[in-house]
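In the two assemblies presented below, chain A is common to both, partnered first by chain B and then by chain C.
Our next item is the complex of A and B:
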């Protein structure tokens, strides 16, 4: 079935035509890409002018804030808005949502000062507007706490007193560099409020930072479309006509298109020519080498012949593969690439493996420091291990109980036990965050009712870690329980009958029949569960928030903090993500290999 | 297997009751919060509310956009339904065909594509936010429900593909061969034989895709810039995303958001077990 079509049967003229067609397509696409990249550059420039205008408005508000405080800033803002509307500069107002998000965010924060009424009529209308009943006291309190923040928010480059005081990167103030966070941290008293403010602050910051990333990011769209089209054309040509030649030429044309658009795109966004040339030169040389080797070995011809032979299979696979490639594969590739760049103020510099060196060497933090990669990795592994053990243990235990013959109320138990799975996991995290509150939390009340002393859940590593684990266990065990129930149901009943006939004890039956047959069935779920837990952002970020001092942060939250809370170090965060990916890939390979070996042993015995 | 002894049966029920209490208690607390007046987060021990009000639910459902006066809850509910529904259709369709190819055809690249579907789960999604934003911007899909739908579908696809592939593996091939002999083409076999037999697995993956889209708020809050194009979880999250968290509204919203999913779970619970793991054991 997989024997390649003999290419010799094709007439040489067809091959020549295919070659020419592929070449032309490649060149046309490259040209198109170049033009698009240039247009994008022009568009970006006009957008940049508008953004600059908006920034000027913000600066005006900032100066008002510096002189007369938040109230003056608000007054100035309202005046500006009125002026804009009067002078028919709706375009500027309307342009802001896409180009001037920082402005809007600040506007939204300012609007909350007014207790929501200022939110009217703007896209940024904050949900404060949805709850108009705000007491005067409330308002005054918020104004007070925001008063300092506003000046800083409208001018984020001016370092605040807090930032100066907090040693950068010290474990005591891991979240200090963002204005919202330092303010939230200072409010001190109201737990959930602080948390909420911190959360909204971080997400706000994600949004706020995005425009800065946009223009300077790698030229994704153009590059991608050209490369995909070129590849598709080459593949189609190979499918219909002579595989080997068309593939070779198509691949080279695609490589050329990629290189050309990348260079044009890089020039358009202002990445230094020399840098691009060096990187592209290396990549191009490698690609050319790989293509040459593959073509020489006839791999392309074989691949295309296989493609033709298994056309149905590939057609079936195409929709899922294409969307995944586009919307996960591409950002993923960009993420990997970002790991080799350093980001500062919307500019990316190629730094080679510096980010990885910094992370793997601990970045100057001693081993026991929460900022040290190896410490975080240890915490992450412990976190994953403990959780997966608990998930599987509890899930399997309950599944065993539920699959007992003639159990009453089985349906009811099952419905109730699956409930945590149906609750969105950020809601779960927030509920448990409240339940672990020191004074009024349900957990401490329960401990009190049992005559035990209250625990300050987030002031020691073990307590905070346990709180996270309990939360994650709650949301994770139903999945394992359901999987285990399915696996148990799939074990042939005859085996148990045979064991009963042989007079095997319950323990023997379990250890010799249930466990060995359950293992392979649970393996995929365990691997998937480990991956999910390893990357369980919501629980860590919302429940313990990394406290105390970032000690309970796992790799994902650490990476997130580098990207959005500690000075926009996207490159470093991407390098973290790459390392996470490597750890998980190695784990999956090992786990799969182990599972296969055990299965083989089982079959042999 | 002989039925367990009385003592062990009682112990079993005891454990199950305790486990149920553990599973249900936090949900009851949220329900209590949603029904009691006040916005503070005062979770006390008892899950029974002392005084009951429906005002939180009323506020959440009746919320309007202060600018345009549009009914926010209605619009966002419609957005959520649209996005989650489309995600389910797209995700399940694409996953079914892909899983079938992976299960039934032996073609070059089969193992590596399965590996790839697993691998895309390993790169932390939170950190794909920035590249994804830029990509959607370039494709002109930013601020559009279609963009959100596509992103959610791809998030759901890997899990769905694995689950469905496992299920397809357990279906006897003889049925398909019989259908072929009767004259059905490759697509006919797939649509008329395989899919109807796989209803439990399809139900589970549909539920999963629906939940992925229905519960997500970070991407929705980032990719959408207008209140009216947000999905429900963003609205719910905003109640505590402010400087003064409104826990009563949040709790009511959380209940409202979770209800449809719970109902789906209940409706599909029969399929849940068989659909998820029938593929696990080579029976």
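Our next item is the complex of A and C:
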């Protein structure tokens, strides 16, 4: 396919369009980073201000309560009323202990002070469904559970809250023996709500306030100037240079403009959150560059031309492509990304390549330990190799038997031999597990009837591994048999006739005609079969259950155990899945290349 | 085109009607009960709904969710606000869910009269880090099932158990059966020998001399020359017990349904460990009604939880579904008191120790099961196998972020 060369008249247009596309794409990413960073920054700032104010209020009342009990605290509350904003609310709570049942103690409401008006004011906005008193109790409980000397409080609802959570012991209450804690949370409605709790003896004070701090301004001027500059450069380049070079120059200008705008935005946002803006700005600039490079290489023009030429084909492909992207692409991308996170108690933390390091270094387990990745990989490879050899060997042998022209009742044998394949494999696996039972299983009963001693099938690696292999061979050979039969039928009969005329022996016919012609047809089946076996979860999980001591687990069951049986380590399991994918992808590539080379050799000879 | 429009209209109408359904004040409860237990719960829900209609309280709607799917569904749906308001589940997940903010602490609403209704350890099992997360509906623990034809009086001590078991074990016949390699069943011996898996402050405490003694005892029972059949799966145990080839089984209330008609059996608490004089205390599992942290009316949800677990409901559930209810008053009901299964398990529950609900258990179960397999089946030395399990559990029991 040749690239349609744009005419001289269209030159500036190509460069301009590329630059515009690069700008839009890059700025969308950078803008996303800016908005996210801006919201986080605004939340942090407003929370910090409100926490400081709330702490001071709470500390003053707490010290009064410490000296004179609830009455003094109430008096102090009244005196402080002037300091409250209209959105503020302070609850004074008293701890009611429950004898013998510490988990039933409760903070009961004594008094509420609403900003501007004394007494039990109208309840302020509170999280959906929970009564406001209950939420005050929860906050006091939370402060209490932190105990003395705990400085930080991480709220699962507000990930950045740890920065805002204040240190105990405000300067206003140096004598109070109990620490002052603050908690910052996010209310369901509107902006961030700051809630701080202080404990003093059996009294607790909870203050809620809704501060408002405007988010950082968008660097609109910088954005406009940078974008216009980039477009002007693209226009100039388009007039002077060849269209491809001009497109590249335009994209570079766009990338620079994006980077500069992102920098300005990051500065406006503030220190800790600027990282998001900067990173996404850099990604945006890179995307702009990539668009430029692709445009310069003519990829878009070619893709467009192909799209025009085969419009109908692409329209027919669209539903399948979209479905594949949605059902395969998205989970795949999520799984890949999950490998870089650590999951604990419902939270996901980015840990970089820690999961992969942990797996590949063996996770502190020696080589012979079933929890070591390399041990499991070795078992998996052995498992795959042994199975595929047996499947192909038995399947091919049966296919050769069934393809003998003089065989009678061939249809019946075929149906019988395909049956193991037709039964759902977990049912077969469960039946085989029952048959390998030590005292009452069919296998040991048979051994006993033959006068042999019974085998404890799941007490040693070799026995348990063999039990798995037997089960999986039972499940796997019919597929290979069917494929072999199809391939055998496709071999031209003339070749055999010619061989017979030449007086070739049966072995020579097999090794010179059957095998070489079967190879190409069997190769995809072997690759598919090895991938299935490599990931044969059901047999391992149901027959040997990993016994003894996890030794017969393969990579995919190991990944499952990390995800669901050893403390919900989804990230580690996802990293396992990624490694399994890499192993299988490399294997498939190598096997395909080998098959292609052999095919080429066959054609040449 | 016309057909398409009709279809669209129908879809819209359906969506509108389901919306209208949602809008009425309703509390949704997810449970995984089946058979008689489900019917008993349904009856309790209907009692609440009849009372609620007049009192302006929200109606209760029950949704059955398969037991195996419950954990995943709750963990996925609740944080997104799509979950139920209430759900019924075993208490051992409470720690994980509390740390993840999936369930709501209810201590604030529980008064002493409500708390006094229940067996103390059943209520305490539903607390995590000094906060209560649910009200108990039923308890489960293990006890000793014995065939009266071969065991006239159940063993009171482990020495008696061994003597009796050895006398009953011969070719194809076994004295005792239980799932040896599972911590859930082994815990009774562990506690009887004075061991534990977590210390009171929540630290992993597996590699102890007491635990080694308990594991050695399990090997005496189930190792070479023992009285327990090899690979004791639940299906094997029930078929051997029904065939008269197994004299005693350690199992829970669910085993009652496995016993064939006509088998004369008794249920006794587990024996006292002769070496220490302590009773073998099995794990107590408590099914609780838990309030979702995203329930749209948490107070109403709590009131319904209290109504479902009150004494009248408990008596009805114990009578109809033979649930081992934690309500003390239920056992003063003559019909419940006469039921041999319910009263036997109530006695066993009093000795039982609440299964830890700490999130650290997530990594302890499989590590401990593997250690038991090593000791009992593969014949490794107990201290080594246990310290390997201890290290593994400690490594992966990551401290919850607070």
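In the analysis below, the second predicted complex is superposed on the first by the 313 of 605 C-alpha atoms of A that agree within 3 Å, B and C clash if a C-alpha of one lies under 4 Å from a C-alpha of the other, contacts with A are read in each partner's own complex, and residues count from 1 in each chain.
The definition used in the following text is that a residue touches a chain if its C-beta (ideal position, glycine included) is under 8 Å from a C-beta of that chain, and two chains touch if they have at least 3 such contacts.
These figures come from a predicted structure and were not determined experimentally.
In the superposed model, A:430 lies in contact with chain B only, and not with chain C.
Of the two partner chains placed around the shared chain by superposition, chain C is the only one that A:550 touches, whereas chain B remains out of contact. When the two structures are aligned on the shared chain, A:323 is found in touch with chain B, with no touch to chain C. Applying the stated contact rule after C-alpha superposition, one finds that A:440 touches each of chain B and chain C.
In the superposition on chain A, A:540 makes contact with neither chain B nor chain C.
Ranking chain B and chain C by residues of chain A touched puts B first.
After overlaying the two complexes on the shared chain, residue contacts for A:414 are found with chain B alone; chain C is out of touch. By the touch criterion stated above, A:344 is placed in contact with chain C alone, chain B being left untouched.
Of the two partner chains, chain C is the only one touched by A:566; chain B is not.
Residues common to the contacts of chain A with chain B and with chain C across the two structures: 98, 101, 104, 128-131, 138, 145-146, 437, 440.
Across the complex, chain C is touched by residues 98, 100-107, 128-131, 133-134, 137-138, 141, 145-146, 153-154, 156-157, 344-347, 364, 371, 437-440, 456, 458-459, 547-550, 561, 565-569 of chain A. Listed in rising order, the residues of chain B touching chain A in the complex are 1-4, 9, 12-13, 15-16, 19-20, 22-27, 29-30, 41-45, 59, 63-67, 72, 90, 93-95, 97-98, 100-102, 104-105, 107-108, 110, 113, 116-135, 137-139, 142-143, 150-151, 153-155, 157-159, 161-162, 166, 186, 190, 211, 214-215, 217-218, 221-222, 225-227, 233, 235-247, 249-250, 254, 257-258, 261-262, 264-266, 269, 272-274, 276-278, 280-281, 283. Contact residues of chain C toward chain A in the complex are 75, 79, 96, 99-102, 104-105, 107-110, 112, 115, 120, 123-124, 127, 129-132, 172, 229-231, 233, 236, 295-299, 359-360, 362-363, 365-367, 370, 373-374, 377-378, 392, 395-398, 400-402.
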